[in-house]
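You will see two complexes here that share chain A, one where it goes with chain B and one where it goes with chain C.
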Partner chain A sequence: MKVLKSLALGASALAFSVGAAQAQFSGDAVKIGILTDMSATYSDVAGPGTVAAAEMAIADFGGKVGNAKIELKVADHQNKADIAANKAREWADVDGVDVFAELVTTSVALAVNEVAVQKNKISLITGSASSDITGKACTPNSVHYVYNTRAMAVGTGTAVVKEGGATWFFLTANYAFGENLERDVTKIVQAAGGKVLGSAKHPFPASDFSSFILQAQASGAKVIGLANAGADTTNAIKAAHEFGVVAAGQKVAGLLVFISDIHSLGLNVAKGLQLTTGFYWDRDEDSRAWSKRFFAKTGKMPTMVQAGTYSAVTHYLNAVKALGTDDTAKVMAKMKETPVNDFFAKGGIIRADGGMIHDMYLAEVKKPEESKGPWDYYKILRTIPAEEAYGSLSDSACPLLKK
Partner chain B sequence: MADILGVPVQVLMGQLLIGLINGSFYAVLSLGLAVIFGLLNIVNFAHGAQYMLGAFAAWFLLNKLGINYWGALILAPLMVGAFGVVIERFLLRRLAGVDHLYGLLLTFGLALILEGTFVHTFGASGQPYAAPAQLTGGINLGFMFLPWYRAWVVAASLFVCLGTWLLIERTKFGAYLRAGTENPRLLQAFGVNVPLLITIAYGYGVALAAFAGVLAAPIFQVSPLMGSNLIIVVFAVVVIGGMGSIAGSILTGLAMGVVEGLTKVFWPEASATVIFVVMAIVLVLRPAGLFGKQA
Partner chain C sequence: MSRTAWLAVVIAFALVAPFAIYPVFLMKLLCFALFACAFNLILGYGGLLSFGHAAFFGGASYITGHVLKEWGVPTEIGILIGTLAAGVLGMAVGVIAIRRAGIYFAMITLALAQMVYFIFIQARFTGGENGLQGIPRGHALGLFDLNDNYAMYYFVLAVFSLGFYMVYRAVHSPFGQILRAIRDNEPRAISLGYDVDKYKLQAFVLSAALAGLAGSTKAVVFQLASLTDAHWHMSGEVVLMTLLGGLGTIVGPAVGAGVVVALQNYLAAGPLGAWVPVVLGVIFVVCVLAFRKGIVGEIRDMVKKSF
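After this line comes the complex of A and B, so read on.
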């Protein structure tokens, strides 16, 4: 009996060790490559803050999954798609990177997604906005995590039209992202009975917006929609403020505004602005707790991109840990079958088109007298349910769904 | 209301005025570059960074020392100009007499270091800086709403440009400076301290950049990259006007602001390139620039 028991024990130990030996990590490590804008327009939205967030995620795993070390690589893509794609290829071929993460700037995300498919890697997009990433340009290897242009359009567009903003004029950044954002908002505005009177496509980046603001004023539209981001948005808001646009009865709608933009504008200029966000640090206990850790590390509260990067990297590492492998197809399947439940999102689901859909928030920027101090900037007006924000899967333009 | 090419005249008037406002920034910045190039033969690629330093100096004076906009308008150019003097005295002077390319590389490197340091310290989004209380609000001109602050920018820029032109073209000090460019050795033989003249000229050019930076602070975000977005255009302006021509840089600055403003109405996508198209045409037809002396 005793012999039998020890035999059984030995057999199971053997089985276990075989199982462990089968755990497969390419290059004996899990390698995460962050491609971001470290020094230009989007470096406050993403940049060093996302690197810090990824470092926190890795540290929370103790730097290891099973026996495999987690390695982090970082490169500055300078918002140029060709630089990003070349770096991604190099990382895949030479360094054995398993997953490309963050990818702020839509053109970058689209280019790196192609590399990910060619090299059979995963891309976790937390920085870019275009709804095309899960639409006509969707891939089986990508996850689009934090927000997209459609969700922004639904949140801010619907709210503004409801309040009587029936006619729109767009100031649009002249590249893929700006055009997608304008297109998505236009759909929402028209569906809600509004009208688009025109748009000015400004160079990216532009410094002086007074000329465009004047065109928007002349159009007579009730709402000036800013289909741009980063410094372009803040400079446009400043110019609108200076030229008395708001005082004259027009409304400015920032279609992609980050908390870092509000911080840099100051509440005096930004007050009353409505915006849609995928994350706000002061939402609940969990988000506050994590954000305070982030603040202790970086001295800033996280943008939704930075918080989302922590969440996405953690979700990826959890899948790798559960499976004991970093095999692309298996990890993708595991990530898609596991809901995301953390400080960032509750009940988030990665759909077949690669979109991680989760509740979004319509926020209004507080007046200076309502704010208790730095970073106390938003009033959450409404929670936008995931399905409403991201649309139903049956409407998706993703070719993967139409086999 | 009459239309021109489908654009109402009112809108066009507004855009012309906006063009003049932006043009006055170009004028002050290209004037500084022209002074430096004309007198030192150095292509000052750090000009954008020095403009940014001016804006940050204003922000620093207000937030750390409580000195308001009007104080900053005087102090910031002095501070940044003094910084320019240090650069000239310890770095640029060592490159006197060697190929232009070295000065260009040195100043470009300085610009990168300065901008990198500021991005690292302050982040790329920049800092807010409010317009002085006396200049908030504006006036309705009928065809557009003109913020007082923008009107002030035009006035202040024209004043400084005119003053600089008078200083260089109409005073004895200016005559020394011009003589120093033509023949420094001969001037030195007359007992004039030429190296000091050059240091002052560089410091003054840099101070002009900082002055433009202070003017810009309430309009744009005070951000580390505010200069790099602008400086390439300003270089094109200097080339169009004729390298080193004082009056040329002022007039071209204003004119290019207007050209750019009009392009923003008729073909906004091209507004980032139109100045370079003009530059290419000018270089083909008049290689020395519109106001440059033909070689």
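After this line comes the complex of A and C, so read on.
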């Protein structure tokens, strides 16, 4: 049966590629492939919510651009780069997918970017963190949309120092990502006049943070920086709560925290945590209006990744609609010259290195008594201008810029 | 049908398959089939349950990826270097592990593999958790552009056939006979004067090197090497493939690998996407409870009984 199906698919792909020479839309349709983590660590941050967001974006276009149907394909990459690359390749070769979207987990994003370049497709990265995606691994076909590690580090690092958090101690996940994050934030803290007193490296992944939190407490630093992600961050926050870190006057700064993490931790545990985010649903009229629609569909408020996926897909479809073609190079050029102005970002610009730079927000998690109900979690302390968060283009390590 | 006729059918199928089925999927299948066959050599014929074969598989893919990307060596040489590296690693692990048997052997291999995994997470050349990306496929023999999926497929098919033939020869040789003797009754093999440890080590190194061959090839196919390949889940997956297909049968592991890879591939796209591990788990339980000899083992018995 499967063989038959692939046969049929193969045959239709052949038919399409023959017809594509004349048609403006490859395969007579605009096909969007969402590769995400549907079942594991990042399924709350991205996962089914990003699929819902993409469905909303497509529905808002009436399911069509011009005469071409918009099709959505979804696959679970299980956070494995090889599965993701395999699927992306198959989508490109067999199904004629035009754009890969979401791509949470940096290894997945980097792997799919390679496929996108080879197959001349577009990748819209909304889920992954690493600044390398627009840095030394940048490609002409990718857009890094929602946030990156630099923006997170700058946002939280500078802001916390400015607010008097001059001395830092890091809890660092003992692998490349954690170390990079610690190094980036250390630079920023020192530039802002702060001091780093030390760091404790914890294994990855870790579930017991007691001894590391005790070290952090003993250091006497005003701020405990969490240079880790996902479950490590939430576990560290829980441990900090159990040891009364915040109550004793120290602050915890999360460098990669999503609203879904706060939702699962609860305000009592997470209160006082400072973090940077690319999107908060309760920021203005537009963001509230869209987020309520999202809530009605999924029963959850969107994370920045999910909101960003809607925005990125819409931006892509707008470019396709304006041009009347899904030709990769033309659409990329159009997307780069059109600013992003929607509920997600105001005046966002896609730069030559593929980074969609937009304002970020420094937030503090509310105390339970300040919150008016579920999902009322953040106080926005400061808007971080795009340029400050993402750095200037001249500092980019992207090889495309050095021509 | 005779054995040769069967073989001809299989070869003919393998040659035309990429025109009907997506070639990259077939290549993945072949890589895992080779990995499972290599594993079967040590488990099925040597009776040693290694729980650390991912270290050889993943290690070779990193080494191959690195030498292809950074040193720019030809594809075949890159794969060869990866395979040799896995063999050397297999020697180091084997020397320590074969001193014990049963569960202790499994635990030692697991522990050493976890150490290797830890090195891969920390080392600079592996790219940590981001993995190695953009490994060039290059040209086969300097002639055929492997960026073409069909050329790549036949290259992988050739590598698989070579590896499979080596396993076949090893099993159907005096060496394989001795290995089975050791598996079935080790004290007796010792009393007959065989240097048991030497044979075990040889089998272990051969198995590790072939697992490495599979890993290296996979790195070239997907143009990336990631921690997934070195993680202990991978060691578990290959045990599943081997048991499911048929322990100690020559084609069983390849069949098992086919079933597991096909399930992973097609279920991930369907509504059962989130349930792949559960489905595999259920299959494993059913396999252990109902047909312990695995798919090929059961079919072989059925054929034997009915004639």
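The working rule: the second predicted complex is superposed on the first by the 340 of 403 C-alpha atoms of A that agree within 3 Å, B and C clash if a C-alpha of one lies under 4 Å from a C-alpha of the other, contacts with A are read in each partner's own complex, and residues count from 1 in each chain.
Note that in this section a residue touches a chain if its C-beta (ideal position, glycine included) is under 8 Å from a C-beta of that chain, and two chains touch if they have at least 3 such contacts.
What you see is a predicted model; the values in this text were computed from it and never measured.
By the touch criterion defined above, A:F243 lies against chain B but remains apart from chain C after alignment on the C-alpha atoms of chain A. Of the two partner chains placed by superposition, chain B and chain C are both touched by A:S39. Once chain A of one complex is fitted onto chain A of the other, the partner contacts of A:D261 are limited to chain B, with no touch recorded for chain C. In the superposition on chain A, A:A322 makes contact with neither chain B nor chain C. Contacts of A:A397 after superposition: neither chain B nor chain C is touched.
In the superposed model, A:K87 makes contact with chain C only, not with chain B. In the superposition on chain A, contact is made by A:S207 with chain B only, not with chain C.
Judged by the touch definition given at the top, the superposed model places A:A352 against neither chain B nor chain C. Contact with chain C, but none with chain B, is seen for A:A75 once the two complexes are overlaid on the shared chain. Common to the chain B and chain C contact sets on chain A are residues 39, 43, 174.
Touching chain B in their complex are the following residues of chain A: 39-44, 47, 174, 200-203, 205-208, 210-212, 214-215, 217-218, 230-231, 234-235, 238-239, 242-244, 248, 260-261, 263-266, 268-269, 300. Every residue of chain A that touches chain C in the complex is listed here, in rising order: 2-3, 6-7, 9-10, 38-39, 43, 73-78, 80-83, 85-87, 89-90, 93-94, 106-107, 110-111, 113-114, 118, 130, 132, 137, 174-177, 204. By the touch rule above, chain C contacts chain A in their complex via residues 19-22, 24-25, 28, 121-122, 127-131, 133-134, 147, 149, 218, 222-224, 226-229, 262, 264-266, 268-269, 273-276.
Those residues of chain B whose C-beta lies close enough to touch chain A in the complex are 8, 10-11, 14-15, 18-19, 21-22, 116, 119, 123-128, 130-131, 137-138, 144-145, 147, 149-150, 219-221, 223, 225-226, 229-230, 261, 264-265, 268-269, 271-272.
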